[in-house]
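Across the two complexes that follow, subunit A remains constant while its partner is subunit B and subsequently subunit C.
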Partner chain A sequence: MGGGDGSLSLPRWVGWAWLVPGAFLLAFLAYPLVALGARILDGLGQSALVPVGTGQVAALAAAQALASTALALAVGLPMANVVSRYRFRGRALAQALVTIPFVLPTVVVALAFRSLVGPGIPQGLFLVVVAHAYVNLAVVARIVGAQWAQHDDRHEAVARTLGAIRWTAFRTVTLPALVPSIAASAAVVFVFSFSSLGIVLLLGGGSTRTLESQVLRQTSVLLDFPGAAATAAIQLVVVSAILLGGAALSRRSPRRVMRPIRLRRPTSRSGTIGVRVTSAGIAVLVLAPVLALAVDSLRSRGSWSLAWWQAIGSVDAGTTRIGSPLSALGTSISYALITAAIAAVVGGLAAVAVLGRGPTRWIALVAVVPLGVSAATVGLGTLLAYGRPPLDLRATGLLVPLAHALVAVPLVVAVVAPALRGTDDRRLAVAACLGARPTRAFLTAYGPVLRIVMLASAALAGAVSLGEFGAASFLARATNPTVPLQIVRLLGRPGEESYGVAAALAMVLVAITLVLVLLVDRLGTSRQPAAVGTP
Partner chain B sequence: MGVKALLAAGIATAAALSACGGTAESASGTVRLLTHESFVLSQSLIDDFQARTGLVLEVVTAGDAGSMVAGAILAAGAPTADVLFGVDNTLRSRAVGAGVFAPYASSAADALRPELRDDTAGGLLTPVDFGDVCVNIDDGFFASAGLAPPSTLEDLASPEYRDLLVVEDPGTSSPGLAFLLSTVARYGDQWPDYWRRLAANGVTVAGSWTDAYMGDFTKGGGGGDRPLVVSYATSPPAEIVYASDPKPERPSTSVMPDGCYRQVEYAGVLAGASNPAGAQAVLDWLLSPEVQADLPLSMFVLPARDGVALPDVFTRFAPAIANPLQIAADEVAAGVPDWLAEWGAVMGR
Partner chain C sequence: MTSRLEAIDLAIGHGTVLADGLSLSVAPAEIVAIVGPSGSGKSTLLASLAGVVPALGGHVLVDGIDVTAWPVHRRRIGMIFQEPLLFPHLDVGDNVAYGLRRLGQNRREARAQALEALAWVGLDGYADRPVERLSGGQAQRVALARALAPRPAVLLLDEPFSALDAELRQRLAADVADLLRREATAAVHVTHDLDEAAAMADRVLRMPPEPGQPLARVPR
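The block that comes next holds the complex of A and B.
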C-alpha cells in the first residue's frame, strides 16, 4: 500500500501539484458558477425569479426519471445476477456488451432508437424512458453486480432449509443485502435521466422535457438568461441532493470483508435456461439499436448503398449550409485531443497531489465535484464567464475542450489516483537510498504506472469529448460544430439524405468510441495487479 | 436612453474614423455581418457590394435566429460583428432591451412599404423582409373528399375538419410560436378556450416544422395523414422551386388566408461596432432594389421595400395576405413565457 514513510522522499513539487488542478477548478468551475449566480441576481425585479412552468417541468422530469430508473433496474438486475455470478461460455463478451450503451454518445443512442422503431412509434415519453434505461443498464449491472458477486449464498440456503420458497428467500434475504448498491445505482440512473439532454431533444418530440432542455430553450429561444441561470441552479440543487442521498443510503450497511469472487455454474435445468436466455437477451437488447443504425446508414431509396458514407467525405454533400460532415469530424477530433491533454495533466496532477501530505490531498476529492454539475450548467456558466467581452474566448475554439476537460477530470482522477496509491512505494525509498534525486526516484517508482494510466485516462477523456453534446451546444461556434451537434442539425433538416448522413456520422462515432474504450480497457488490465485495489 | 445611445454611437464613429487615419473613404476595411444560418443571397450581389464599396464583407452565421440573437445579447456593447440581420418581431424586444443596437436611420428607409416605414423600435432597427405563417392546405385531399377547404381559424375547430390539422409546438418551433400568437391576437384572453376546442377536434402537435411538414402533412413526402399544416405563405411557390424537373404546372398546396401571423425580419447596426460606417453601408445595401429583389427566391421571404417586382412563381402562387395578425413586440416579450406555460397546460404537454 502507498503512503507511509515514502512521502518523506517525495520530490518537493508533489507538495505543489495541487496548484494546477486548483487553479483550473477555480477558473472553469467556480468562476462560471459565480457568473451564473450573478446573472440570476441581474434578473431580480425584471421578471419572476423562477421562470413560469419550471415546477411543472421539474415534476415531469422527476416522473420520467423515476420510470427510467425503474425500467433500468427491472432489466439490469437480472443481467447483474447472471453476468456477475455465473460461469458460462461468452460471459466476458456479455460483460463487455452490457457496457457498450453506457459509453456510446447519447445523441448516437437517440438516433439508433429512431432507426430501430422507425416512424411507427411516435416520439415522446415512452421512447425517452426506454432509451434512458438502455444507456444505464451498465450502471445497474456493474454497481449491483459488484455487490451481488460478494453476496454469501449460504444465507439463502439457510432460509430455504427453514422452509422459505425461492422467491421469499430472495425477497427477505438477498434483496435487503443488495439495497446499498441498488440505491447507489438508482441514484446515478435517476440523476442521468433527470438531467438528460440529447435523448430528450431527439426522442422527446417536444413534449418530454427536462430542466436541462429548459435551460437550452430559455437561452436560445426565449433569450431569458436570468431565467436560464435560475433553472440551472435549481437543477444543480436537486441533482446534488439526490447524489448525496444515494451516497448516504449506500453507506448505511456495515462494510463487509471482501471475499474472493467465486463464479458458479447454474445448478438446475431452469437455472441453465435462465442464464442462456438472459445472456442472449443482453446481446439482442444491446445490439439491436446499433445494428438498426448501421442498416439505416447503408440504405438509400429502398436499396443498399454507400451513398451516405461517400457524402461524409465530399465537402458539399447537399449540406453546404451547415458545413461538411467531414469538417465536423475534424473539429471533434481536435477538440478531443486538446481535452485529453488538458484533462490528463489537470486530473493527473490532482491524483499525484494525493500522494503528498497535508490538506492539499483533498484536491482529488474537490476535482470530482464537476460530476454533479450538469452539462447545460457547465455550458451556460462557461458561456457567461468566457463567452463575451471582456473575456471572449469563443473565437479561440478553446471553450468546448475546456468544458469537456472539466467533465473528464473526475474520471481521470478516478483512474489515476487508485493506481498511484496501489503502487509499491518501497521502490521510491530504494531509489532514494541509491542516491537518486527525488524527482528521479519518483519517476522510477511511479513512472511505469503513470505512463499507462495517463494514456488510459487521456483516451477516456477523448471519448468523453467526442460524444459530449450538452456543453458543446452552448459553446461551439456555429461554423465549427462538433459531430454530435452536426448530427442534431442534420436531423433538423428535411430529407432522406440528412438522415442517412447523420446515421453514417453516428456510426463513425460508434467506431471511434469503441476503439478508445477498448484501449482504456486493455491498458487497465495491463497494469500491475497491485494497482487494482482501491482503499 | 436615446440620447445616450446616440452619443455612444457618435463617439464610436469618431473613434473608428480617427482609426482610419484620415483616409478619404467613409467606409473601408472589413465589415462583419452577423446573421442566422438560413441567410442566403446570390453571390453576385455580394461581389457587387464589395467591388462598389471597397469593403470586404464577412458573413458570420451563428446558428438559428434564436441562438444568433442570444449571442448578440451576451456580447451587447462589445460585439464581434458590426451589423446584424435576422432578428424578427418575436425576438427583437429582448435584444433591444439588452442594448444590442445603435441607432441608424437609413436613407433607403423612405422606400419601404408604408406599414413598415415606422416599424423601427425607436430608430434602432430597419425592416428588411417579411413573411406570413399560415395554415397550408392539401388541395387534392379536399377535392377528392368533396369537402370545401377550411377558410377561417374558426373552421379548424369545427367537426367537419376533425383530425385533419397538424401544428408545431410553439416552445420548440418558430412557425409554431407564430401560430400560437395568431390565436392570441384573434381570441384575446379566450385563446386557451380555442386551443381546447382544437384539441377536442383532434389536432396533432409536432416538435418542429420539419416533423410537421415532412412527416405528418400529406404533401410533404413523408406519407403523413394530415392535409392541413401550419407553414408559410410562401410554401406553395417553394414547392415548385424545389421540385425536380420536369416541374409541375402548379403547386399541390394552397394557403388559408385567414389567421396568418406576420413575421418581420430586421437589420440593425450593433452598438460598439468597430466599423460602424461599414455597418451602415451593409444596411443600406440590404434595402437596395437589387438585394430586395433577390430575397424571395433566396430566402422565401418578401421584400420590405415598396414596389419591388416579385418572381412569377410568387405572383401566381403566393397571393398577398390581406389582414395578417400581429402583436406588438413588447407585448410578445412580456407575454410569451406565460402563454407557453398556459399552452402546455391546455394541451397536456
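The block that comes next holds the complex of A and C.
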C-alpha cells in the first residue's frame, strides 16, 4: 500500500500543493509569532518585562499539570486496559463514552463540573485537576490502549512461569513495554493542563492560574501587551520542550511488527469483575457531569422547568443587549463553517503534498506545529498581527475562524494524510494505463477516500471551532460572542437565571458536538470498505 | 534437578472443553514429546500444566504435590513458546537473569548466573546485547537459557523450533535435548513434527483425536 511508484503519474499540481498551507502557516502562524516577538522587543528596557510572579504562576501551573497528568494516568490506564484488550458486552459504547470528555468544549466541561459538585466543593486546584483528568481520559485510553492492544500477553505468561507474581509481571514486563505510549500521552495531558484556560477560569476560583490565564489577564485587564507577549513566549518554550521530550521518549520503543488485535475474554472470576467494574465506572464517570449539567438546565427555583431553555432565545437573558444567548449560536455556527472550509482546504492540501516527491512533502509535518502553540498565544499573536492598523481585520469577522482553522489544520492533516498514504497508489497507474489524464487518474485513485476523509475532517474542524474558547476570547468582538464566550459571560453574572441559561446553552453545544463527532465516527467506519481489495 | 510431573484426569480448554481425561506422568529427567495436529489442544495442555490457562478439571502434581490450585509463579514449571518472547526492554543478560531475580538474587548474582546459563546454550559474550540484534535461533537459545536459569522442576516446550529453518531446527533440537539431559531436567515437548519428537524424546505420546480419550503412546 502506497509502496508503488505511483508518484510518476501524479498530476503536476500535487507538487505545488504545499503552497497554500505554506502561505497560510506563514501568514497566520509565523507572522503572528513574529508580531509577538516584536512586541516583546518593544517592551525591552522597560522595567520587569516579565511580570513579577510569572515564575510562581509557571511553577504552580506545572505542579497542577503534574497532578492532572498523574490522575489522568491513574484513571485512564485501567480504562485503556479494559477497552482496548477485552471483549465484553457494551465495549463499543464504552469506547465511545471514553472519547466524549475530550470532544466536549472545555467551557462546557467546567460548567458540568460546577453542576456536578454544586457549592459543596469550593472552586480551586482540586476541581481543576479533576476536570483536566476528566477531559484527558481519552488521550490516555486511546494512545496507551493502542499500544496495549498490540502487546503480546504471553510475555507476562513467561514472566509468571519464571516466578513473577501478577503485579511483578505487570511492573517488570507490561509497564516497560507501555512506556513509550504512556510518555506520549503524559506529555499531551501535561501540555493541555499546563496551558489550560477555560477550565482554569471557571473552576480555578481565582487562586489557580496558568500562564495562559495570565496572558488573558495581562491583555484584557492590565493592557500589558509586552508582558503578555513575554508570558506567552515563556509558555511556548515550556510546551515545546515538553512535547519534544515526550516525542523523544515515545520513540524509544523497540521496532515491532504490528499484530492483528485479538480481543480476549477475562479468564478468571476476578478478571470478569474487574472488566465489569471498569466499564460501569467509565459510564458513571463520563456521564455524571453531563447529566448534572442537563439537570441544572431543567431545574428552576427548586422544580422542573423549561424556563432556561425558553430564555436562551430572549434578548433579556443575553449579555450583549442586542442579541439573545442563542444568537451566539448563529455566530458560532457561521465561524465553524468558515473554519471547516479553511481547515479542510489548507489541511487537505498539506496532506496531499505528502504524496509528492521532494522536500515540500514535509509541509504536513510543519502543519502539525500549531498543536504545540497554545490558544492564547494564537489569539494574542493574531490580535497583534491583524487586530490593529495598518491591518485591522477585526471588523471582517474572519479573525476568529482563521485562528480556529490554525488550531484545526493539524487535526485535518492527522485524519487525511494517513488515509491517503494508506490508499493503494497503483490505482493511479491503472487509471493512467486506461487513458486517464493525471488529474483524472488522481481523482479516480484518491477521490473516493478524499471525499469521505475531507468531510470527516471538516466536521472535526467545525467541532473544534464550536468549542474553542482561548483564541476566541482574544479575537471575538464584544458584541458578537461565540457560544463558549457567551457561557463564560453568563457565569460572570450572579443569579440562578444566568446559570440556568448558561447550562441550557452548554447542553445545546453538547448536542451539536456529539452529532458532529458521531458523523466523523460514522464516516471513519464507512471508509473501511475502501480497503477491500488493497493488498 | 530431578522432579516428577504428573497430570491426572486433566480437562483443558478455553472456557469450553477441548480435551478431558488426560493423564500423563513424566519421570525425573525424562523428556516426553507430545505430537498431534494443529488445534488438537497440545499448546493448551502445556499452558494448563504451567497454570497459564486454568485447567477445567483434574489435577497437576509436581513431585507428588498437587499444584493445581497454585498460581503460575509458585509451580516452578518453566515454559518456552513458539516465539522466544524475550522482554524487549531488557538486554540478553537481564532477560536470562529475570527468573533468578524473582528468586531473590540481587542483580549482580543473577547476572553472573545468567552468564553461566548463556554459556550452556553457546551464547557466551552475548549478555550485553539488545535482544532485537539477535537472530531467530539465537533468540530462541536465549529463551531456553532464561527458562533453565532458575532451575525449574520441569520445562515445557511449546513448538519452540517451528519458526526456524529446517537445518537450524535440527541442530537446536539436538542441543536442547543434550542440555536437558545434562541438567537432568524433566521436560514435555510439544510438536507436530514426529521426527523431531522421536529425535529428542525418551517417549512420544499422541494427542487423542476425540475428547475423553487418553494420550496414546507412539511406538518407536
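One rule holds in what follows: the second predicted complex is superposed on the first by the 518 of 535 C-alpha atoms of A that agree within 3 Å, B and C clash if a C-alpha of one lies under 4 Å from a C-alpha of the other, contacts with A are read in each partner's own complex, and residues count from 1 in each chain.
Throughout what follows, a contact is a pair of C-beta atoms (placed from the backbone, for glycine too) under 8 Å apart; a residue touches a chain by one contact, two chains touch by 3 or more.
Note that the coordinates shown come from a computational prediction; the quantities given were computed from them, not determined experimentally.
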Combined model on subunit A where subunit B meets subunit C, clash or fit: fit
First, second, both or neither for A:G205, with subunit B first and subunit C second: first
Touched partner set for A:T479, first subunit B, second subunit C, both or neither: first
Touching partner for A:G492 - first (subunit B), second (subunit C), both, neither: first
Subunit B versus subunit C as contact partner of A:S220, first or second or both or neither: first
Subunit A: partner with more touched residues, subunit B or subunit C: B
First (subunit B), second (subunit C), both or neither touched by A:V158: second
Contacts of A:P51 with subunit B and subunit C, given as first, second, both or neither: first
Subunit B versus subunit C as contact partner of A:A74, first or second or both or neither: neither
Which of subunit B and subunit C A:P390 touches, first, second, both or neither: first
Three-chain overlay, closest Cα atoms of subunit B and subunit C, distance in Å: 44
Contact set on subunit A toward subunit C in their complex: 152, 154-155, 157-166, 168-169, 172-173, 176-177, 179, 254-256, 265, 267-268
Interfacial residue positions of subunit B with respect to subunit A in the complex: 37-38, 40, 60-64, 66-71, 73-75, 77-78, 80, 91, 94-95, 169, 171-173, 205-208, 210-211, 213-215, 220, 222, 336-338, 340-341, 344-345, 349
Sites on subunit C touched by subunit A in the complex: 14-15, 47, 50-54, 71-79, 81, 83, 85, 87-89, 98-99, 102-103, 130-132, 143, 146-147, 150, 152
For the subunit A and subunit B complex, residues of the former touching the latter: 47, 51-53, 56, 119, 123, 204-207, 217, 219-225, 227, 321-322, 383-384, 387-390, 392, 394-395, 477-479, 492-495
